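One structure is given below, encoded as structure tokens.
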């Protein structure tokens, strides 16, 4: 196994004096999709935000061997971290084209790749992002991350609240993304995880309770039930 | 991500005086209750005796403490301290950043002046009428302004105070005297409160006002409403979730603070024997804010010290500006030093930048250094409370 | 009829001044969450700088007046940028302390202006045309009104173009909406902070020179006088909305003029309008719903 791209050691985070990440330690391998699993409200999203410095945090985080836990958010991102936040967070008042233009950091952004992946966005480039459907907004959010050459992508619940047909499209786009850079993915939909994830990290009550091979965990319904408190069949439905 | 200013402020204020832990040892709790009480009582007795003593503090006071001039300055400082304390209730306890607190003070000053001028009511009934009027105004303005939070609240209160300012300056029906102000009509004021010879009675009145205001503020802070208000300041959503009524509690605190300001305003009128439009201005509210921050946000005695210190500085810096030492300086130094507000404003900026927690915060850090162990226990308890609050 | 025209145009002129102050306030608040009490001082210093230029070089020439406008704007911008760099930035994300620092700066600078230029108003000169009137539908409208309106329209267009067609403009618009997400795209949003302060300061400085023509004097309290109404305009328009500030500036000023003329209490009417707007739409006319 090669050196992990991201190494997280004893990460803790607070928001307005509330501890939202207790003490999280895990590695993200340099290839493939690492899925973060856990029940609602156990601190998955908070962990991603803490990694990016959006929440006040302590602990050690290294990206390709370099410490990033003291850097400001914009510096971390400029070191090659793409972020697709929960709930998309597109700029509603800006057009699709402006949303994408804002996200371009590289000298030669990969506009063609994005245009190939999301032809819909090209057609709607002059439309305000706030008027797009949820699925289209998710495309914008993914496209923003894919425009640049990243060493790691942080993707937070990309299929949340989307129609099943759109979920498939998003998963395809994610698979494309995973071909360009390792992905740390927070996701509730076990089907998507089954399709994409190579490694899993399970968080409960702000701590990591399980790490391992994705397929191995998904083959063990009892364990999933125990770790996540859900039945696989229920979740897929 | 929209962070409301109230939560920002909550997270930035770490060294405030949190409610005392309930599970403290009984002896410690008793000591904590009695030591400040004894110190406070001793201080009040000392202050009450000042008019009978001849203490000179050259540079700080204009003359020995029994002289009317000095007593006038001291009484003013005490009243401003009481006013700052009422603002502390609003800003320090409930976290309501109001830029219109001067309005309620002005209601006291102008209201009493007008009632004494226009009616034949004796002082006490007149004061009651004004107090009721102040409560009514505070209710209306508070009910409207509290519909918004944070910075919008600040601006709405500012706007209402500005309306009061405009009204006073426009001199409707000749009631307020416009820019000239209104002199106190002493016909119905008891003789013991009139004239330079009776300044010390006014001084005692000011001291009594301060003590009463302090007691009421303490009582409100310790009451259930006070705790809910403080919890609302930290996290309004959570108060709402557990079934609290943040709006009503905030309105209550707003009205109490305003009423106290009205009461202080009436004493101010008697002391200054007149009302001037400056007490209605936005600048005047801003100076209240300066005092509270200077003293240390969240600290009762800090607010009083801030108010007293500000008043003394303002008075003495004015005297300094007129002194020959300043007049002889080159203009680069003379111009700034001859403007008390420049010095106070700069001092304020420096305190905000470099002395978080103001005077009270600095004192607490000093005490912390001397009695580290005891304070650490308290801090741990405080943290537990903050976490479980 | 002529009275109505006169009140309307005078109101528009006053609205132009409110807008020049409120535009900066609104942008700064929208992007940074800072309520800038020192904004009035930017205006006052701009006004005095313009006055000093006119006093030294001859007040009645248009060239000098143009220079005064440029100097006023430049001084306002420089003062504002320094305020951000030296005071506001140190208190990053601590909104209440940021407000307090600007309050302290406002108190200190107004006192300094009083010490330097005296606390009484200085009556000013300008190009002769500005002192004259132009007949509009029978109403003799003072020419300085047109100048204020024209300048405010140009500033509005300039800011809109800047926001729409430059990268910094894009960053500012996005930052007003969601600052955290802008940083999460790898953008150092703090550079934009200094810039909005400078832009706001320039508009205020320009407004200072124009306001001194409008009122006919400069005084250390010129800024504070306009600031309160600019605050009201900002809240009514919706914090962070430039268009809202423009609409509310006109609305407030015209209403104020008419109420002042017919009733004598225009300032009170403005406060009542504010209360009404907040009761019906707490986020202002064009503000985002919180």
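Here the chain labels run A, B and C in written order, and each chain numbers its own residues starting at 1.
The definition used in the following text is that contacts are C-beta pairs under 8 Å (C-beta built on N, C-alpha and C of every residue); 3 or more make two chains touch, one makes a residue touch a chain.
Protein names from UniProt, one per chain: A = ABC transporter ATP-binding protein; B, C = Branched-chain amino acid ABC transporter permease.
Fair warning: this is a prediction, and the values are worked out from it, not measured in the lab.
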Chain pair, most C-beta pairs within the contact cut-off: B-C
From subunit C, the most remote chain by mean C-alpha position: A
Centre-to-centre distance between subunit C and subunit B (centres being mean Cα positions), rounded to whole Å: 32
Subunit A and subunit B, separation of their C-alpha mean positions in angstrom: 51
Approximate Å spacing (C-alpha centroids) for the pair subunit A, subunit C: 43
Overlap residues in subunit A, where contacts from two or more other chains coincide: 54
Multi-chain contact residues (two or more partners), subunit C: 178, 180-181
Junction residues of subunit B - those touching two or more other chains: 1
Parts of subunit C lying in touch with subunit B, wherever the complex brings them together: 29, 33, 35, 37, 87, 90-91, 93-97, 99-101, 103-112, 114-116, 178-181, 224, 228, 231-232, 234-235, 239, 264-265, 267-268, 270-271, 274-275, 278-279, 282, 290
Contacting residues of subunit B [partner subunit C, same complex]: 1-5, 8-9, 12, 97, 144-145, 147-148, 151-152, 154-156, 158-160, 162-163, 166-167, 170, 282-283, 286-287, 289-290, 293, 335-336, 338-346, 348-349, 352-353, 356
Residues of subunit A touching subunit C in the complex: 52, 54, 72-75, 77-78, 83, 85, 89, 91-94, 98, 101-103, 105, 144, 148
Subunit C - residues contacting subunit A, complex: 167, 170-171, 173-174, 177-178, 180-189
